[in-house]
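Shared between the two complexes below is chain A, which has chain B as its partner in the first and chain C in the second.
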Partner chain A sequence: MTQAVLSRREFFRLTAAGFLGFFGVWAVLAASGLVQTLFLPSPLEVAGKFFELTQKPFVGYTLQQHLLSSFGRFAMGFGLAVVIGIPLGLLMGWFRWLDRIVTPLFDALRFVAPIAWVPFAALWFGTGIGGPVLIIFSGAFPPCVINAYRGARYVEVRYIEAAQTLGAGHWRIITEVLLPGSIPSIVAGLRVSAGLGWQSLIGAELIVASSGIGYLMVKGQSNLSTSTVMSGMIAIGIVGFAIDLLLRALEARIERRGG
Partner chain B sequence: MREGSDRGIRIAVGAATLAALAALWTAATTLEQWIAPVYFPTPQEVGNALRQIVLQGYADGRLHEHFLQSCKLVLYGFAAAVSVGVPLGMLMGWSRRAEALVNPAFLLLRPIPPLAWIPLAIVWLGLGDAAKVLVIWFAAFVPAVINSYAGVRSIEPYLIEAARSLGATRGMMVREVLIPGALPLVFTGLRLSLQACWTTLIAGELIGAITGLGHLLYQAGLDLYPAMIVVGMVAVALAGGLMTALLAWAEKRSMPWRTS
Partner chain C sequence: MSNIVFERVSRQFQRDGLQFPALEDVSFEVRDREFVAIVGPSGCGKTTCLRMAAGLEFPSNGNVRVAGQTVTRPGPDRSVVFQQFALFPWKTVYQNIEFGLRGKGMAQAQRRERVTRHIELMGLQGYDSAYPHQLSGGMQQRVAIARSYVLDPGVLLMDEPFGALDAQTRTVMQEELIRLSRVNPRTVLFITHAVDEAVYLADRVVVLTRRPGRIREIVDVAAVRRTENWDRHERIEEVMEQPSFVHLRTGIWRLLREQQQPARL
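Let's look at the complex of A and B:
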């Protein structure tokens, strides 16, 4: 450790000072007239706007409805990534020929930023649900594959050999040895994957969508309503944080159980 | 055993796969037309599009102009984020007071993905380069801080105590113990944030830009020009890969004491 641990009291004092400082600087900047209110509304104004958006529809829907439609897209893209990515990763961890075939393709595609799929998403799916789902999928897919693959590769050989000695075939080894053995790695991958998927969703909605939280922000931006944009950011932050919290709880639970 | 993959086979199979894929692509688009040309281009069309953008230009610029513009913005934002984020993170790692003071702001800002800053950056700074550099800065800043912080915390206490008992001054401590000790994790953070930087930049350029790879993609999408979309995506991948390779080189150079 680098420095002595702070006393509880001092820690709370400094943390409170940090929170107050953050909102204080913001409020003072907004109130001082140094920055125009148009560009930087005060924290209270943003809170008011946030509340208003939950009550009154903006560009067709209330904030909750926008969030719900975002979350639906996210669930589809993320779900698809999990359902395809994890089995693929496990299979690649077991069958060497599959690993050799898929890895070069995967490496070639990995550097294409998920957002770069936007033009094709628009071309292939128009404004339908498929576009955002494709983009979320391309963000969330790689961590699912990589972590399932790594998890499968690091399963101890003696377990596999034991299973083989007992006459287990490919299918049983994958489902009963590799899958349970790689759960910690997979769950860690899910967290990364959900974060990237959520982020890609926002990008997709900023560009191609007619509802959702990203769309709300774009409309707020073109109306020069900074408080609407900031409300959107807060909502995105809260949902992203909640998703991460959920997966972290899952991770902790599995660690406790599996040891 | 599953271990012991020899490189030769791996490369051969990889090359064969890519060749098979290219053949399948040609067959699917040119010979059999399973996929309508509106949805995915033929190899020949991609070649033509590439020639067009390299020689004549497309979307207000030739390929190297778009490429350099995007690389420039990523470098600016990345450099700015590193030069602020790494010292701040190291300070937070070193001083528990600084950590307790700065952490709240981080807790509030961290869950907001960098892409979500784009609309705000456009309201603040318009559609020019400055808005994109700001967003890239956000994308790289958080990972830079967090990993520098974790890097300092990961230094074995006995190293710090040894330096102290040998009478190291504050400057020596920073130069000789903290920076070298934190570097491995700092670079991990930089690598993560570089990817985020590219994603963010492309999104920013798709939303509004005059040149740049994202703008190229946007224009190609608008013109329903699938061959140019493919060229744009390959260029994005190459730019990202190139910068990652550069960073890996810098990582090796700056930590000569690490083998492998």
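Let's look at the complex of A and C:
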């Protein structure tokens, strides 16, 4: 079957249908009485709770304040991953010896799920900001390194040779040839990195934090308020989606400019 | 003085554990301010010669010297114009031409003056802030030539620079290159597979054999050009009509033809 291009209107209609279907099934299930409300609160109940959380502080803060605190940690961990990961990836793409040293180590470590760092995060940082930042960093770091590295390795040799014959040394080749040549790959990596970072953050806050969306959800759980937990899930989804949209817009812009 | 000396240069390639020779015992000199073209059947190692002079590849045996120094790495004293231009797509025309100068510790005002002069010299006025993909192939190659010339290199290495251009653009570029080398003569090593291009541009033409490339003959064009006074003609087609031109071209053609493998029927 050939894939027809969807018009904008059709696109929105289908998206809306997806959401309506999802909430419809959910509402029907919740209303049917087959499942206890505690196990599956109705959509309306969750919406009510969501609104309530934005108005009334829960475990110290409103939903927005929890989100803001989560986002701050995310920004730090993600920022650190970008600032360290991209230069490291580019350097590995240029210096073979560095590649040889780092890659095997890195390939083993990146399979350790971010959440596995939780015991150490707690041990080293307690409930301070360092713990969540470490965990987000461990999630967001690998895609930054890998994509900068791959980008650098796949920069066409003729650009590198042209730069060399024009007298450029290591520094100029890395900053003026490898970096701009790997931008598409790096930006694609940023999207993956941000997604993984944001996911790991919630995991981190479930354990080592005293504010934030993850913390709100744990407290909701211990209060047997499943609608609070679900409100947290929805907030996570919305913010994650917004981050991805932002990076996707950046990606599209760079692709257009690349012509 | 900037000359290029190939002294008994051989080059082997390794593939799948097998060695096969690409160049064998090649010796010749490009004298100071001389324009030498290398022609030969494809795969004969002519590009390898150029890359060895550039410092992008190295001989397996023998020695390549530029201005008396054995070539050990690439450098701005030996500017290369590549067949596929190799302009940086993320830099503007101006930034591309300026790239090499920025490594020379030159004051910005002086850089600007030189870049602007070369933009004018190559007829690129008004395109300073265009990106390479916005230019035609001919314009891109002008930028690439300007990027090399602006460095005032002792040696200019050109690897089939007009090979990717259409016939008309190619003719214009050949005439421009002749004009440029009258204004500003350079030591040039020029790779091409087009015989008339080689005869039109070069002082001497080195003819290589089929792989492994050896020197078949070195044809002196400059002497004929001088006695027949080709330079009185402004256009390339007028030069190409000269019996002396036709004679040289046909001679080189014959040398190349004998290199051809018999067609398998």
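Note that the second predicted complex is superposed on the first by the 239 of 259 C-alpha atoms of A that agree within 3 Å, B and C clash if a C-alpha of one lies under 4 Å from a C-alpha of the other, contacts with A are read in each partner's own complex, and residues count from 1 in each chain.
The rule is simple: contacts are C-beta pairs under 8 Å (C-beta built on N, C-alpha and C of every residue); 3 or more make two chains touch, one makes a residue touch a chain.
For clarity, every value in this text was computed on a predicted model and none was experimentally measured.
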Open item on the list: Which partner chains sit in contact with A:154 here, chain B, chain C, both or neither? Use first/second/both/neither.
Closed with: neither
TODO: Return first, second, both or neither, reflecting whether A:39 touches chain B, chain C, both chains, or no partner chain.
DONE: first
Open item on the list: Quick check on the superposed pair: does A:115 touch chain B, chain C, both, or neither? Answer first, second, both or neither.
Closed with: first
Task: Which of chain B and chain C A:233 touches, first, second, both or neither - done: first
- [ ] Figure out whether A:51 sits in contact with chain B (first) or chain C (second), or with both, or with neither.
- [x] neither
Open item on the list: After superposing on the shared chain, does chain C or chain B touch more chain A residues?
Closed with: B
Open item on the list: Counting contacts the way the document defines them, which residues of chain A are shared by the two interfaces, the one with chain B and the one with chain C?
Closed with: none
Open item on the list: Give the list of chain B residues in touch with chain A in this complex.
Closed with: 1-2, 5, 9-10, 13-15, 17-18, 21, 38-39, 93-97, 100-105, 108, 111-120, 122-124, 152-153, 155, 157, 160, 195, 198-199, 202-203, 206-207, 214, 217-218, 220-221, 224, 226, 229, 232-233, 236-238, 240-241, 244
Task: chain C - residues contacting chain A, complex - done: 54-56, 73-76, 78-80, 82, 84, 86-91, 99-100, 102-104, 131, 133-134, 147, 151
Open item on the list: Quick check on the complex: what are the chain A residues that touch chain C?
Closed with: 158-159, 161-169, 172, 176-177, 180-181, 183, 258-259
Open item on the list: Under the definition above, what is the set of chain A residues touching chain B in their complex?
Closed with: 1-6, 10-11, 14-15, 17-19, 21-22, 39, 93-94, 96-97, 99-101, 103-105, 108-109, 111-120, 122-124, 153, 157, 195, 198-200, 202-203, 206-207, 214, 217-218, 220-221, 224, 226, 229-230, 232-234, 236-238, 240-241, 244
